[in-house]
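We call the chains A, B, C, D and E, going by the order they appear; numbering starts again at 1 in every chain.
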Amino acid sequence: MIKQVASLIVLLGIGIILTMAVIDMPAFGDPEAPAHRHVAPRYIALAEEETGVTNMVTAILADYRGYDTLGELTVIFAAGAAVLSLLGSKHE
Amino acid sequence: MTTVVIQTIGRILVPFIQLFGLYVIIHGPVSPGGGFQGGVIVGASMILLALSYDLSSAEARASHKVRIAMDSTGALLFAGIGLVALLAGGFFLEYGIIPLPMAPAEVRGIFILLVGVAIGIHIMALAASLFLHLAEEHEI
Amino acid sequence: MDHAPILVVIAPFVGAYLIPLLGLWKEKLCYPVATVAALLSAFFSFWLTASVLELGTIRYYVGGWEPPWGIELVVDPLSAFMCLTISLVSLFAVIYSKNYIGRELPGGKTTSYYTLILLLIGGMLGAVVTGDLFNLFVLTEIFSVAAYALVCIGRKRGSLIASYRYLILASIGTSLILLGTGYLYVVTGTLNMADLAARLPALYDSWVVIGAMAFLVVGFGIKTALFPLHTWLPDAHSIAPAPISVILSALVIKVGAYSIIRVLFSIFGVEFITGPIPIASVLTWVAAVGILMGSLFAISQTDIKRMLAYSSVAHIGYVVMGVGLAMEIGMTGGILHIFNHALAKGCLFFCAGAVIYQTGIRSIDDFRGLGSKMPVTMAAFTLAAASMVGIPPTAGFMSKLYLALGTLEAGAWVFLIVILVGSFLTAVFYLRVVNLIYFGESRVKSQESRVGVGDSRLQTPDSRLFREVPLTMLIPIIILALGCTLFGIFVFIPLSVVEPAVKLLLGN
Amino acid sequence: MGILEFILMSFLVILAIAVVFARDLLAATIVFLVYSLIMAIVFTQLKAPDVALTEAAVGAGITTLLFIITIAKTTRREEE
Amino acid sequence: MRFEFIAVNFPYFVSVALLLVGLYAMIVRKNLIKKIMGLNIFSTSVLFFLIAAGYKEGGAPPIRVPGIEVYVNPLPHALVLTGIVVALALTTFALALVIKIYKEYGTIDSDKL
């Protein structure tokens, strides 16, 4: 019971912080929001010229932030090794 | 009866799904998709095979050893491309510096595709692996 | 050799990718490959530290893209210091694994074990050298997944549940980290830490920024096992195999602490964390409670590894307290304690593992009279325990001295008392063990005390109990124990890296 | 943002609550599948086709299958 | 209208609601599989938030087509793709743990473990 109440208080606290933050957030879909004015314009304008691909998401994933993608590959690689270590294989 | 229907549909569908997955990988640079999405789709075709037949026929198509080998090869290919760029005198993963007889942007384009293929190889083996490991010793 | 910042991360990763392939062919090759990969990253860490001290902060642009667009690796003295600590202790853990894991793990799992341990090491090294917030999230996730899996790899009773609880709590943490990163991105449009630091001062009164900081601190706080969020730690750290306990207790929680330092000082800046939202002093208070509670819990434990795990909860408190003081001497003490605690706790877990390996003893009461049976191991245990308590001239004394001086300079008497009481409590439980080791009457003759404690494979004839462990296990123990003493006497060696790091964090 | 997006997003919340409170785990998994599909549609509406494709393949495909296997190997009923 | 911001920032509020629902499942529900579903809802809520933050009124999908100049922000899409993979990795390992726990203890109720 105490645990439940404590959990609900934690949820309430996080909910309040989240709501306050969301109220302060730039308006949804606003083309002038800070997120659209810094860093991202270069990807939109120059991705094709600099990397030769038209899909900007692919350009970011595989080139501009390729190291993140290597990390992502490593996470799923770790999950594979983890599941193998846990469940094993009948061939061994 | 239902088993026959499911097996037939599965057998007809699997090559098409795999072809679609490969299409998604190859066309990553110009359309939605890429190595990861395509890899998941090809991996899902193996899962469909396992569901419509049984685990052993999926195992027969891609055995444990083959999957582990593909898994490591994909990851090594990606890291290897990065190290080649490093040996060519650039930063890690700086594809543009790799000396090919083309403009740097085109070289980058080629290597972006290659990286997509590496991710695809890795993920298709892993998606099938994760499913088969969870499902092993249990017919569903 | 300008590529050391990336090579230090890539060496263990490539090793990890290679091991499954080699494991298909010959399982015996896994250990040498893992050792070579760990050695390589240790070598690059040394190189990195030397060049940072000589040239100042190193910036490396992965993919050749300049910072806000590409991912930048930033190696400042603090990163280099963490790199050195991580790669050295984990190198010893890999070396130690040879005999220990050979006996503890069933065949076929060794391949996964060495793959995961290299991913764990690579992930931690990557997390400390990166200069990009999202990249930090990805690498945190890599070493976390590896850590969850390694906790339950030994398949002891309860290990599955420990791993599951760790996973659920820590994934709340990582999701909060991603949310905080997203919030910062929405208001600034960038993910690069230096760029964020330049853009945030204009936004200090935004609730988005405050929320982002709260989520990042809580998220990394779960990884660090800060006091109220420590509930996953005792089970996970005590059930894992000994080399993994060493890495978890000595390094993984320290990487969490490092991330908190990065977020607070390199992104938000000293003015913000001591200003309107006094997060720094909140952290100090939380750490103070953690020191006291962790030590009290440790006293009531009967299992040696659980006791050591609770002691980690207390000692991460010292680190965070030093950080929370947000002034030069206190932070020097806190960051120095990262290194000293890594040495001492690593040595203690290695010793506990050696005892379990040789005799199957886990209960503290059964340590009676071990001093004459395993003299070298127990001498090392004593030295490391002295360093944990903070007896001069050990390394632990120096970091606690700096911390105490810091509290004095900050005028916070309460925290000085907490440090003294905490050290006293630590002394109570470590000296109890040391007392049993040297002055307790041996119980080795009574076989029944060991029955049911250790693994059945460990029930070996008595003659075996009188031997020291194999050299691959003994050498790491000896080196870490010597380190605990030498770095207390020659404290200027770690300080030569820590002091510039602190100056840089506090903005000169 | 049109009325369709409003409805889809509200539906997301309802589905999430249904996932959490369903007693039957298999039913919860099926609702989770629908949740992932609607999430994919919302991603398309927000002009993120790459992410929508991934969410459909991973969230509605692989993840759901893994949940179903786990339920088949453990138990279907959530205990009181 | 004082509450206009709710309509304007509606997607953000949706992400808050999803996050709280997921977190509730993770810390209050007793069933181990339910907790993992909660983890998935939690992480999709964060990813949904990021995609919503990348949306731009009148923007086209971020694949360059001659003649179109306004595209939505592609960076969050790349981040979210990574996030989805990370969630998949966590889910798989957690489910493998659940299967093993059931084999060993015969229950997947966290109160009975």
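Everything that follows uses one rule, which is that a residue touches a chain if its C-beta (ideal position, glycine included) is under 8 Å from a C-beta of that chain, and two chains touch if they have at least 3 such contacts.
The shown structure was predicted, so the numbers you read here are calculated from the model rather than taken from an experiment.
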>> Please report the minimal path length, in steps, between subunit B and subunit C on the chain touch graph.
In response: 1
> In terms of C-beta pairs in contact, which of C-E and A-B ranks higher?
Replying inline: A-B
> Taking each chain's centre as the mean of its CA atoms, how far is subunit A from subunit E in angstrom?
Replying inline: 10
> If you average the Cα atoms of subunit B and of subunit E to get two centres, how far apart are those centres in Å?
Replying inline: 24
> Any idea how many Å lie between the Cα centroids of subunit D and subunit E?
Replying inline: 10
> What positions in subunit C touch 2 or more of the other chains?
Replying inline: 13, 17, 20, 62-63, 134, 138, 141, 145, 148-149, 152, 185-186
> In subunit A, which residues are in touch with two or more of the other chains?
Replying inline: 18, 23, 25, 28-29, 33, 35-36, 39-40, 43, 54-55, 57-59, 61, 63, 65-72, 74-79, 82-84, 86-87, 89
>> If a residue has to touch 2 or more other chains to count, which residues of subunit D qualify?
In response: 1, 49-50, 54, 58, 62, 66, 69-70, 73
> Where on subunit C does subunit B make contact in their complex?
Replying inline: 3, 6, 10, 13-14, 17-18, 20-21, 23-24, 60-64
>> If we count contacts the way the header does, which residues on subunit B are in touch with subunit D in the complex?
In response: 24, 32-34, 36-37, 40-41, 43-44, 47, 127, 130-131, 134-135, 138, 140
> Along subunit B, where are the residues that touch subunit E in the complex?
Replying inline: 30-32, 36, 130, 133-134
>> Could you list, by residue number, the parts of subunit A that touch subunit C in their complex?
In response: 17-18, 20-21, 23-26, 33-40, 42-43, 63-68, 70-72, 74-75, 77-79, 81-82, 84-86, 88-89, 92
> Taking the complex as given, what residues does subunit E use to touch subunit D?
Replying inline: 10-11, 14, 17-18, 21-22, 24-25, 29-31, 33-34, 36-38, 40-41, 44, 47-48, 51-52, 54-55, 59-63, 72, 77, 80-81, 84-85, 88, 91-92, 95, 98-99, 102, 107-109, 112
